[in-house]
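Take this structure, written in structure tokens, and hold onto it; I'll ask about it next.
In order of appearance the chains are A, B, C and D, and numbering begins at 1 in each one.
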Amino acid sequence: MSMSVGVPLELATGILVLWFLWAPVSLLGTRFPHLVRGFFPISAGAAFTLSIAGFMALTHAPMTMTLPLGLPSLPFHLRLDPLSGFFLILFGATTCAIALYLTGYRHREGYPVELRIGFSFHILLASIVLIFLADDVYVFMLSWELMAVSSYFLVVTDHHTEVVRKAGFLYLLIEHIGALAIMVAFAIMRAHASQGVGMGYTFHALHKATLSVDQAGLVFFLMLLGFGAKAGLLPLHVWLPEAHPVAPSPVSALLSSVLLKLGIYGLLRVLFDLLPAPMGWWGLVALVLGLVTALFGAIASAVQNDMKRLLAYSSVENIGLITAGLGLALLFMAHDMRTLAALALAATLYHCINHAFFKGLLFLGAGSVLHATGERHIGRLGGLIRRMPLTALLMLVGTLALAGVPPLNGFVSEWLLLQAFLGATAFSQPYLNMGVPLGAALIALVAGLAAYVMVKFYGIIFLGRPRESTLQNAVDAGPWERAGMAVLAALCVALGLLPTTVMHLLHPTIAFLMGAHAPQALHLTPGLLIAPLAVRDATYLPMAVLGVMTLIGVVAFVAVRRLFLRRMRRARPWNCGYPVLSAQMQDSAEGFGQPIQHIFATFLRLRRVVPVPEDAAPFYESVVEDPLWYVLYLPIMRAVGKVSVAAGLLRHRKIAIYLLYSFVTLIALLVFAS
Amino acid sequence: MNRATLGLQGLQLILCVAAAPLLIGWVGLCRAWFANRSGAGVLQPYRVLKKLFAKTPVVAHDASPLFLATPYIIFAATALAGASVPMISAARPLTDAADVITLAGLFILTRIFTALAAMDIGTAFGSMGARREMLVGFLAEPALLMVLFTPALISHSTSLTVIVQHLTASSPILYPSMAFAAAAYVMVLLAENGRIPIDNPGTHLELTMIHEALNLEYSGRYLALIEWTTAMKLFVYMSIGVALFIPWGIPRHGGLAHLPWALVLFCAKLCIGGIALAFLETILAKMRLFRVPEFLGTAFMLAVLGLLLRFLLRR
Amino acid sequence: MSNMIFLGIVIVPLAGAACLGVLGDREAAFGINILFTLLTSLVAMAMTWHVIHAGSFFMAGLQFFINPFNIFLVDLTAFVTLTTAFFSRAYMRIERHTGRLNPARSKIYHAMYQLFSFTMLLALTTNNIGTLWIAMEGATLSTALLVGLYRTPASLEAAWKYFILCGAGIALALFGTIMMYFAAHTLLGPYAGLLWTRLDAVKTQLDPYIAGIAFVFLIVGYGTKVGLVPMHNWLPDAHAEGPTPISAILSGLLLNVALYAVVRFKVLASGALHDHWPGALMMGFGLTSTLVAAFSLARQRDIKRLFSYSSIEHMGLATFAFGMGGPLANFAALLHMTVHSLAKSSIFFSSGHVAQKSGTQDMTKMSGLLERNPGMGWSLLLGSLAILGVPPFGLFASEFLIVTAAIHQAPWSVPFLILGLVVAFAAIFQKVQGIVFGASQIPKALSPPSLIPAFVHLALVLLLGLYIPPILTAWYTDAARLLGV
Amino acid sequence: MPPFTQVINMLAALFLLVAFAMLSQRRIVNLINLYAIQGLILALSISVVAYGTHQNHLYWSAALNGLLKVCVVPVLLHRLVRTLKVAWDPESLVRIPTVMLLGLALVIFAFHVSLPIAGLARTVNHDTLGVALASIFLSFLMMILRTTAISQVIGFLALENGLIFAATSVTYGMPMVIELGIALDVIVGVLIFGVFSFHIRAQFDSLDLRHMERRDE
């Protein structure tokens, strides 16, 4: 195969190797903590370089490279194309921020963060890069599982508590199941590929695989299963709300921002790059699955009281949105509506990168809060905006971005997604024409819920009065941590204000994904005005929105100050004249979520912890459990248990019985043979 | 965009900001008439605003900057929304900047800030109001979007300008789906502006109030700004309704020629709208809070139905 | 003839057995043991060198033959016996201090250790199916003593089970051998009729019926020693109750050798029958073993029992792959045999130390290994990850190849394979996690455990996952071709 | 049919008869004697075959087997029984008549299996294969049904007899080396069993396996 190595690929590989080599060094963490800690900024730099490489790769022709490793006649094939390039940008930027944050991060247990995190963290980073670069099945699966295991070790960093171990186990198990599904799917493709170079395991060979309709469908199903398990699609999302909360916050940030996107990357890579042209029902399945996931995630996150759990469920929601966009794109591809497909893809990719940034920011912020207060339960926090103003400010950006309000980035991708939905009016089947707008309705509902969730999250944690006396001595995050968060916040704002620039960057990736179908994909306006289809159809100019708003605001402010010179007077809160004012009067986390619980009671399983009357410090708590546990998982576990009991019945303690087994087997086979 | 369109833009912004209290006053007056009272006159809201501006603002000790910034932010956002709705002319720059989806986004923005500000002080009523406001919001916003999507699908565009141009292009056509959308829109309007039957702007009854609970802690100029914003919000909603459902008469292109006529027509429409609103508020009774989701759910369903009808009954 | 010297491969361990039968009770016995295994592996290396340069060859007339198929197994055996000897030096010393290994037992232990390696190497290198049988029987007898070494009720029961079940099984295998000989001796005459190479040459002319019957007896017979379900019941007890080094070589080597025997006869049988049902039979056995073992894993509490079941599972996989046949599957199976024996013996090293430290083999009483004994903890953790087929370890490569081959040749079997793998993963990892993580219950190891062998094995497994040396590839490929379909 | 073939068939029949007898016999001493008789028949048949086919190495094999299975092993076993004082085998799980019926079924099955082979065997005494197989099955059955260690081992040895019988009757015996090896294994096996039985006795003060197996884990 052609060895067209390019600078970006060399850069990426170099950094990959650097991280792989560095990881063992961090095992010396306990001896030279400063050495290891000092490497985190270097990693940040490396990550930044990676994103540069990604940028270069967007416009560069695909670059390939083979390393003399791996199976016989199947060396490692590496490849850097616009798709990997885009995800390298996402990964690089997020990781840069997280690494900065990690530099200043001290876990409250005070165990050697260098030792426990340093090693697995760098292995994880390296394996992720390898996933993006992988160009044959073996490398892909290898790095995929490596990613799973190293992230598992990060999740169980704090392995002394039972919960953490359980979560980690669940995480790794589902990861593994997904990986096996992916492996089988690849194997099916390979079985029908031209068994050329590398035993037909290279993506190049798979690309030429000639699959029947059913086989392709099976592959699609398995891939959806496998990558869905990684991304956290229903019903395989259960690991996500378990693993994210227990992991150290920077790790949760990485999990949520980057690792979930790996599932999306895999889906894009397989469905658009490797598999032949999609069938109609694929898109429909993905779309429906995505919408259901989004709605479920939104509802579930609204009733969570553990802040990281809440964020985790909101990640489920966002992944649902992304998958919905992806499904829509498939649908359009199948019906040969290329411009709309391009639009849907744009929305998908845009939301990927947006979610990476604001969710990363929120998790880091949550980490700082956790760090400062040692408390994860929202209902025990409050009023932190006065204790940690900078974190609060940065978090506000993330909150608004996630809530999807202009002029921040979350809004842009939702806007694009809705545009894609609205464009879908010309399907041949009428039921699609009617069904797809319903999707738009669901998206709108989800957006509304997201706003609700974010008000709950921010309002209860940062506003109001501190609900616990211990919060009085909370301190703001350190400079490194602030820097990490600031980077992400800045990116959120930038992506919100400069959509056209982003669209220009997305364009090569989209063109690559649509391959033969590539239209002059999107209508890219030169200025700041984003109009993906045509200026007539839909336009959005965030700069103007922000500009006019600030203008009006400033004018109003100045005018009011000019005309009415009364100085503001501080006093006790009025509170309708009620004299006593205690923190217990505010809504608890449960209280704020109560309406949602009330409305969607059927989707949820509630477990209330009601304090006894003579409780000195009563604390009402209602835990919402994932209904899918009871619908799906517990039955499966019971079934496995039953079977293993049955297998246990094979073991008597009598030698005679064992001899009988052999004898019967022999006789049976003889009957069979003669 | 030439100077004329810019001028129109500015004019409309001013119109929206200035005339908003007038509409509130008008509605109040109509309500009084329906109730056989002689009302306080249409200018009453301006007097209230003047009084509030003149007062010394009293703010809680530990109010955060967020609390103080909120009135300005929501004021600006609502004004922007108003500026981007075609009222007296269709063709203006800001409609390109903000289409219907962005409008909905701006409303969410105001709602979020209002709620956050209400939670800032940490009073019981504040958080309660915030919760209820968000409850109404997360149900009303989707309904609003659905309503907006129906004309958007009819005219294949989410830009209000294009919608208006498309609708006014031909002589009045009756879209059945628009009828549903209109019904849903009225319900959303009632909910979003805290009118009966969702909320009663007249009272401060703690257990039922939503909107008033949010700005209990505000006073002086801050309260004035908030009240003004509320008025503007109603104004904007009204004019969106006008633009969507009775757009005829809005000039399709810039140019000052049609301006006076358009202005008169617009005011007339608003007057009628105000009367209708007052009438509705008079005949309806405030409903219990638990029934609000059902009410808005109905609105949502109506809007979706309208959307579907568009496909069922197309040609 | 020059390469007679390579008979040393069997003579050295035999001499070792004799020598240690005399000196076995001395303190030096450990060293002597290592010395002899070292010599053996030197001979093996020389032999390897010869094979690489001169290709496969015969010894002692046609009685012994070395070809790519068995040379790597010979090397593997020599290597693992060597590392295990090192391990047993550290391990059995502690056992001796705790008094579980008195001089008499030490004598038996060392003598039998050498005898055992002798029988295995003999079984691997011989070309005579009769001798093969004798070697297997010898292996059974020698290990029966080793399993019952501690004379505790449990160990005696295990040893008895082992003795009777494997004895009966082996007897059946002898009948199968006789039938095979019977089928051949009319073609080849009385002496050549037992030589595998000759049989292989005329395999297509063997009488199908007799060959079929013979193969049934052989697979049930030798299959007992491979640990195929339902003849597997001796295996967990034998592994759990014997001294750990013995468990290591049982799992790591004996099972391989038995499987090697089965495969040899499968070649003959499928040649004679002109159809695939010997292969199908092996696939059936393999799949059943994998599934049953995987589901049995969940309920184990004894750490060595747990991993012995996992051995059954992996042997099932290898058997399945051999049954499928074809270059890819055979390649995968050979690779799987290699990496499994390396990884599994390494696991037994570490888990043996763990059991020794915590004074019990009950996993529910172990936790927090990483706390005070990070070395053991990591070796156990990494070992189990390796055995579970997690990359970058070699088992991932082999399982990857097996699954892809299965998709190609026997798609119906894939769901069962996946099910087995998943269940095994869940069962084993949950337990291992409980051992290594959490708060420590296990006292710190006073005498430093010898984990170098364990880590050396793991390193090799890792290497095989990332990079397979060309020479090994060449052997595997030749062997795969040798085995045919 | 040449006379010595008749003789061999006769011996084969006897061989099978003894196998049956062992299956039904519960007194261990008699069991051992029966084993010795079986060994004798085996040796005889081997020598007859040797005579009939003029293969002298078979005489050696006959002598070896005779020595081993008529003298050495029975003597060892007798001594064992005396020292361990196990006279009777407790009632087995299945009643004797049932066992007999089972055995009969197995014999029929064995003949059914070996019939096609007998057809194409070019050796003179081909029918005996069925007998050999049948006796193997019977001994296996005995191993399954007996509950004392010692009678299980006797079953094992009988099984091995059947194998040798098969080897000699169908293939005129294996090469001498192999025969030696097998004989060696047998004797070692018996010795090891001796060792074990003492320890088992010491641990469970009985050779009844049910005591051993009742121990719970």
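Everything that follows uses one rule, which is that a contact is a pair of C-beta atoms (placed from the backbone, for glycine too) under 8 Å apart; a residue touches a chain by one contact, two chains touch by 3 or more.
Remember, predicted model here, so these are calculated numbers, not experimental data.
K.L.:
Could you run down the chains that neighbour subunit B and subunit D together?
P.N.:
Joint contacts, listed by label: A.
K.L.:
By the touch criterion stated at the start, how many steps lie between subunit C and subunit D on the shortest route?
P.N.:
Shortest path length, in steps: 1.
K.L.:
So which chain is the furthest away from subunit B, centre to centre on CA atoms?
P.N.:
D
K.L.:
A-B versus A-D: which has more C-beta pairs touching?
P.N.:
Of A-D and A-B, it is A-B that has more C-beta pairs in contact.
K.L.:
Whole-Å distance, subunit B centre to subunit C centre, using C-alpha means?
P.N.:
79
K.L.:
Rounded to a whole Å, what is the gap between the Cα centroids of subunit A and subunit D?
P.N.:
Once rounded, the distance between the two centres reads 70 Å.
K.L.:
Averaged over CA atoms, how far is the centre of subunit A from the centre of subunit B? Could you give it in whole Å?
P.N.:
Averaging C-alpha atoms per chain gives centres 36 Å apart.
K.L.:
How many angstrom between the C-alpha centroids of subunit C and subunit A?
P.N.:
Those two chain centres are 44 Å apart.
K.L.:
Enumerate the residues of subunit D that touch no fewer than two other chains.
P.N.:
Only 113, 116, 140, 143, 152, 209, 213, 215 qualify.
K.L.:
Would you give the residues of subunit B that are in contact with at least 2 other chains, written as numbers and ranges?
P.N.:
None at all.
K.L.:
Where in subunit C do residues touch two or more of the other chains?
P.N.:
Those would be 160, 164, 168, 209, 213.
K.L.:
According to the definition already given, which pairs of chains are in contact?
P.N.:
Going through each pair of chains, those in contact are A-B, A-C, A-D, C-D.
K.L.:
What residues on subunit C touch subunit D, complex-wise?
P.N.:
128, 130-131, 133-134, 137-138, 141, 144-145, 148, 151-154, 156-157, 159-160, 163-164, 167-168, 171, 174-175, 178, 181-182, 185-186, 190-191, 194, 207, 209-210, 213
K.L.:
Where on subunit A does subunit C make contact in their complex?
P.N.:
68-72, 138, 141-142, 145-146, 149, 156, 159-160, 162, 165, 168-169, 172-173, 176-177, 180-181, 183-184, 186-188, 190-191, 199, 640-641, 643-648, 650-651, 655, 658-659, 661-662, 665-666, 669-670, 672-674
K.L.:
In the complex formed with subunit B, which residues of subunit A make contact?
P.N.:
Where subunit A meets subunit B, its residues are 382-383, 385-386, 396, 400, 403-406, 411, 415, 418-419, 422, 425, 430, 433-434, 437-438, 440-441, 444-445, 447-449, 451-452, 454-456, 458-460, 463-465, 529, 535-541, 544-545, 548-553, 556-557, 560, 563-564, 566-576, 578, 581, 583, 585-587, 591-592, 594-595, 598-599.
K.L.:
Any idea which subunit B residues touch subunit A in the complex?
P.N.:
The contact residues of subunit B facing subunit A are 13, 53-64, 66, 72-73, 75-77, 79-80, 83, 93-94, 96-99, 101-102, 105-106, 108-109, 111-112, 115-116, 119-128, 130-132, 134-135, 137-142, 145-146, 149, 152-153, 156-159, 162, 206, 216-217, 219-221, 225, 290, 293, 300, 303-304, 307-308, 311-312.
K.L.:
Quick one: in the complex, what on subunit A touches subunit D?
P.N.:
Touch list, subunit A to subunit D: 653-656, 659-660, 663, 667, 670-671, 674.
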